[in-house]
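Please find the structures below.
Below are two complexes that have subunit A in common, paired first with subunit B and then with subunit C.
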Partner chain A sequence: MTVTDRRTPVRGGVGTSAPRPDGVAKVAGRFAFSSDLFADGMVWGHVLRSPYPSARIRRIDVGPALAIAGVHAVVTASDVPGVNAYGLEHTDQPVFAEDVVRFTGEAVAAIAADHPETARRAAAAVVVEYEPLEPLVDAEAAITAAPIHPDGNVFAHLLISHGDPAATGDVVVEGTYEVGMQDQAFMGPESGLAIPADDGGVDLHMSTQWLHVDRDQVASALALPPGLVRMTLAGVGGAFGAREDVSLQVHICLLALHTGRPVKMVFSREESFLGHVHRHPCRMAYRHHATRDGRLVKVEARMVFDGGAYASTSGPVLTNACCFAAGPYAVPNAVVEGWAVRTNNPPCGAMRGFGAVQACFAHESQMDKLAAALGMDPVELRLRNAMQTGDRLITGQLISGTAPVAELIRTCSAAPLPPQDPAPDPMARPGGSGRSADPDRVRRGVGFAVSIKNLMYSAGFDDFSTARVRLADGAATVTCAAAEVGQGFVTLAQQIVREVLQVEDVVISAADTSSIASAGSTSASRQTWMSGGAVEGAARAVLRRREAGETGEIEETYEHHHKPTTPLGADGQGDAHVSYVFAAHRAVVDVDLDLGLVRVVEIATSQDVGRVMNPVQVTGQIEGGIAQGVGLAVMEEIVMDGGLVRNASFTDYLIPTALDMPEVTVAALIEQPEPGAPFGAKGVGEPPTISSSAAVAAAVRDATGLDLPRIPIRPQDIALAGS
Partner chain B sequence: MARMSLDLTVNGERRKVDVDTRTTVLDLLREQLGLTGSKKGCDHGQCGACTVLVAGRRVLGCLVLAVTLEGAEVTTVEGLADGDDLHPVQRAFLDADAFQCGYCTPGQLCSAVGMLREVGEGWPSVVTPPGATVSVSSLGPDEVRERMSGNLCRCGAYVNIVPAVLAARR
Partner chain C sequence: MSGSVTVARSLDQALDALRSGPDARLVAGGTDLMVEVNAGRWQPGTLVSVDRAPELRGWHRDGDEIVLGSGLTYAEMERGELARLVPALAQAARTVGSPQIRNAGTLGGNVVTASPAGDTLPVLTALDAVVQIAGPEGTRISPLREFVRGVKRTDLRAGEVVTAVRVPALRGAQEFLKVGTRNAMVISVVMVAVVVDLDGHTVRVGVGSAAPVPVRAPLAEEYVGALVDWERARMDDPTGEVAAQFGELVAQATSPIDDHRSTAAYRRRAVAVCAARAVRRAFQEPESP
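And now, the complex of A and B:
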């Protein structure tokens, strides 16, 4: 692949801050999100959900609901014509619960009615007789508890044994760490529109991250050939992993086929909290061994991830957490054991950072503990152990691509610290407008963290993307089913085609399942590489024909694969990953020791990007990812209580506002082109979320002197510490 | 179920509508008038995605009942531009890349327009020092952050939203 440093002659090519093609529509209010769609004769769908985390269903009577004027259909498990189950990795989640419900919010029935409120009332009128059961809510206990699903309670159990498992170091530090359940909380709740077609199929307009796997899961549940389920991407109001799994797709298609009418469904915010997967909460016990001069000798870890009621992507999340358990450091010996288990908590799956976030919090907390035990500067300790090209991961895999970890640490730690105002504005204190803080009890802290994550899917998955480029009359059209979720893929696709074909006019056509094969998921920071590569491949094929003298319309389709990977062996060794991306974060916080409030003053960061494809969009991803990382560190947690979600609203689940957002200083974007990556560029979406949480936690520890082994750090963890 | 007929101006156009008295302004706009630019992020006054202007003042469309708007002048994101001429705040959001998915953007834009007007009229905010006067020209980032803090953005575009709002003053 070509890596060029020359100035691009065509406007808006690779490396420029080309504007988003959907930008004007988005600021003008004309961009159609899935919730904005409408069809003649449309009725509204609504899902009845379980109020219990675990219960037997004794009886369902839909009669009273059907009797309500305006109700067109009520469907339950017995109406599912195909397989009553779906799932990304394992087909273990029922479309509708049959004999038991396994989490609060599980779908039991769906209603179509002339108005959303009629549908809600009808849902309330469905009679479901439950026999509540004792919920299994403790992940550790789930490993050995009686199975709550025919497939058992263990989604995945992984062992990594690297080097000499008996190796020991002069200095040993231990810790047990916990991460709470984070929600993706995208602003546009789940919504879609299903339109029944004359051929017996259905057209589904949906905000999602991966059209083709949604289609396959819908088709299997409806017992339709995949070709009869035609999916078109509707405007996506953010994703962050929560739209990887099927939510309402099957439900509205089934209702559309039942009623013969278009059916629209829009989740309320509460349903959104209940109706999609979350970031896995987990508990991680660690032991680090090092030499007296600060060389890592061995990392031991045991991780237990609560996957909730259904498998979703628990397996791959755990694989990531285990593979990156030691962080971006050269570690000769490691013993890691990981469990991902089934409980009666809400299902957990993908969220930005995908297993690496949890591991990072633990390994970076350990690095700080080790630095303290060694009497060494924590940045110096990280530099001393920084992974580089030619090192091996604890899975034995050689790091053959770029790994500028030391550069990241150096540049990020060298960024000037924000000045400390000797007489700070009372409004700039922790708690914002809270004037109750005693200024003498506010402490500043600084923390540092570094992260590693894989790009693309791993462990033998044959990951690919398909794109078509057509050149006609001096303009190019790109067809690709990659989901634009706000990350800017549509911008990037234009830039790549402009760069290759030297035409400025590039149109991105609608993403759907009918016109082209899969582009894979918008996740794992993979679209820049995978669909970027497919677009580049198609454009180059067009270019070759044009250079061979062809005139007139030229069209080429290209399927891009990355180099193959393999699953980990029984000892957790193997070449499971394609490529890695690294980032460093330094957090500066002010902490009110009495109120336990934290103000994140600044995050400085350096990121390994391979090549900057679009400076403005790269920076946007970094800032946005940091917002979510800061949220996990000090604000965001789904509060569970005996299997019940206690805070399914934006009043009780707080995400950062403009006031909570720290200053972001991008100390360096390290551009070392990655071999094998189109234009040398690495995905940039996830790293900002991974080590920013750990850096904030470290900074709060620095300010308070407390252990703080759990994120999010809540005010009571600080204010009531020691009491 | 009681219904009422209502006369109001939306984006400069007189509209006569018949509404169920329980309808919110947001649902009236989105479901009855086909103006889907205003977004529903929570329907409970918690996110700001539904912010619209009523007589130039920002309100949360999901918390205002439509029947309270007899004779009112409502401006939504669709009404900010003058034809193809984007409003300076819209331009500034584009120039600063102050959004990603764009779902919060209509609310951010209306909120920013209403907020700049509040500042122009000298309304203090909780971060305005006691006794100080505020003006559009002296507006700083702290004031913008405080005054825009009712508009959530999960894509985390705040770092660009604040300068975009400041740039739009010109």
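And now, the complex of A and C:
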């Protein structure tokens, strides 16, 4: 019998489904998103964008725009006082195009006017003489093509050579796979409000994922000391990676300083599609070698990622894709070559899954192909090769943390299959409300996929976080610049402080750059670990002082670092990552064989979570991530045509509706506390997206018997496969 | 900003308001018009709102015909007696957008926008619908097949208002199938409507998104019409060959294109598949409840 702690534990601590502090306001429509901001005397900004994917700018005449009544300012590249460039890894993207434009939608000028419609009309009145150039839109060709930017066309070229590159297996399977360009498709468009300050600086209220890095890029472009650019997080309507890069930040600050007035800007949906990075489309050629009894011998891969016009995070995305090219399996030998290149397509960068999504589609497609070649059950093949603690990644890095891959596979594959409903609602058949399905021509398929991804930034980047906790009058206040983008960090921060200090009343103050140092980015599934760790550290420091007898107000600030990592060496070997997270997905689909329409019936999943911090939030991340994974598998794609985006709207960029969203069965949340992680918890946001796409594709293959080497799978890929 | 909104509380008020200037435009649900405005394709001038004009609302029977007010919303088409009388229209209405859009968007708007992807148009085409128009010169009618002249082009003249659409009340099955790349709230890749007239002994088909305007398929209609046992209202087709041949003939009547939503080849295939399925459903034994 254990000894029971007789204290009443505080409500809403770690492990409970504590409600979100902003939940009621959001549901009731009272939450202020960045597009709701208002300031007295404010004017409206609008950006003029390039209609061409590649063109020389011969002349810009802003006179006709300035002549329009109500127009306060028109700014172009020549008005940028500092460096006319920004970028997360390389500052290669102009604030405004100077001599050339390199993608459709590139910013050329910005206008401030007394009404958004006036600003739009003024943009149309700016005269820009373009000399259209032949766009470079093929990623493979870009490797050797004439450079379209002074920094060249290759963002990253990576080679991984692991074990014996000459090793061969008894059984060899090959495949070439493609992933289309997915968009994050968040609901709240890019928006912000810049207010000029008396000290020559600017206060910027913005929906973003990383305040301090935005601030530094804005300050550099404006030639201001970073301290004079004060950023406050405005309500964020979703992010998924698309708010990591600067969008309108510099433009509205520049307009605010020019006009001396607050400037607000809200992207239209079309501008949003043109104005943020997308998931990299890519082509991946694979060869797997195995023994006859199904042990992986070697994985060979060559991956070409289209990074679009500017670098953004193409390098790290490619590094991830290459590191996880073989998937969550123990592979003694590997040869992987990766390219991330510049083209005149839209810039691509961070999106949930960050390179692991593309690799997972390829390696899991290969595992199914290998299972077929071996005459082995695909789940059994995965179990036989499942990575475990003590194994090594193909980068040579030891998996020192938890790696419950076999448990994930076992529990997920053991979940009962959904029933074959004998008379389903016609709306629940493929085609849904279109009532196009003929039940006799609908086939069910089942597919399985497993994934691996890193947590936190990698390759030597110290992405620390800072938090402050103040205890006064029996209530705690947390100050942290971590961007709440909907993922629920504000809830976790409250839970952590309640748990440590046993104080129920915890207030999360506004996130900004003036009150505290950086919290790092809300990405890479890192805030639970990094800012969660910072909040825990600060709360424990407060606790120690209280336990030492201190009374009155106690305040502590804590900076949390993860263990150091190193860049990969020339052979692609090295300890580049902090920790890994795994997931398994089993998809059940119904496919209309003649029309090629798909209804995803159910996704069962098991996920490696370390520890469940908040059950409702974990479920939310799993369901939301699966929606995005299902979308990539069967419908979500930015359609490009010669460098032009053909579907920059929610009419034509389709994301799943309630009728497309499958039942989600959580078969197991594997709670093995991760060493070094606060509360043992791993980030949970990305894994649901990574292998769900691959599982759906596998299920559609199972139903149709087709190869389907590309996602999203289009109806014609199935319906016209025989023609 | 220029621009004004006149709220017309009657058809006459709407017609008067339209005389105010050449830039005056009618708005009912606004589900097409506001997309145009937001995309910058039309700058609002004078808007004449007709959603409070009673003459345009609702529907009624007129002998063997049903008169559908141009202000009839998709939500109203989906339910009640009207859904029983014109089931294909109800099915088409159900595929439009979200509930909010279906509460706002109207039949008249769908007809006047004349998009190749207009969801009610294949049904109205199969029904040989007639458009009723009021204008400065009085009233006139225009058969739908003449009214829709091209992609988003109609026979509507300056100052005119579509007041209603007349369709026959037919005895016989009706089917509407729509293909899109999502299971709901999706713009169509193709649509097929099949309408059976048990008294006139005809099977009529309307196809959308597969040509610049909604199309009929006379050869297909004649082919299958001759093979129906009109006494029993059944089609003897144990192997499905008749339905398949019907589908092929319907597909041959279309002229689809490649675009960002799909390919011409897929559209042709999908039309054939949907038409075959629609005609089979139209003549199959009713499912026991």
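As a convention for this text, the second predicted complex is superposed on the first by the 715 of 723 C-alpha atoms of A that agree within 3 Å, B and C clash if a C-alpha of one lies under 4 Å from a C-alpha of the other, contacts with A are read in each partner's own complex, and residues count from 1 in each chain.
Operating definition for what follows: contacts are C-beta pairs under 8 Å (C-beta built on N, C-alpha and C of every residue); 3 or more make two chains touch, one makes a residue touch a chain.
Just so you know, these numbers come straight off a predicted model, no measurement behind them.
By the document's definition of touching, both partners, subunit B and subunit C, reach A:S268. By the touch criterion defined above, A:V639 lies against subunit C but remains apart from subunit B after alignment on the C-alpha atoms of chain A. Shared-chain residue A:G625: touches subunit B; no touch with subunit C. With both complexes superposed, B is the one of subunit B and subunit C in contact with more subunit A residues. In the superposed pair of complexes, A:S78 makes contact with neither subunit B nor subunit C. When the shared chain is aligned, no partner comes close enough to touch A:T176: not subunit B, not subunit C.
In the superposition on chain A, A:Q502 contacts neither subunit B nor subunit C. Using the contact criterion defined above for the overlaid structures, shared-chain residue A:T168 touches neither subunit B nor subunit C, since it reaches no partner. In the overlay built on the shared chain, the residue A:T657 is in contact with subunit B and with subunit C. Contacts of subunit A with subunit B, set against its contacts with subunit C after fitting on chain A, overlap at residues 268, 427, 432-433, 651, 656-659.
Interface residues of subunit C, counted against subunit A in their complex, comprise 1, 35, 38-40, 91, 94-95, 176-189, 259-263, 265-266, 269-270, 273-274, 277, 280.
Listing the residues of subunit B that touch subunit A in their complex gives 30, 34-44, 46-47, 49, 76-78, 80-81, 86, 90, 93-94, 97, 99-106, 109, 126-127, 142, 144-146, 148-162.
The residues of subunit A lying in touch with subunit C in their complex are 115, 117-118, 120, 124, 268, 270, 427, 430-436, 438, 594-597, 599, 634-635, 639, 641, 646-647, 651-652, 654, 656-660, 714-716, 719-720, 723. Those residues of subunit A that touch subunit B in the complex are listed here as 17, 19-20, 22-24, 26-33, 35-36, 38, 184-189, 235-240, 266, 268-269, 425, 427-428, 432-433, 485-488, 616-617, 620, 623-628, 649-651, 655-659, 661, 664.
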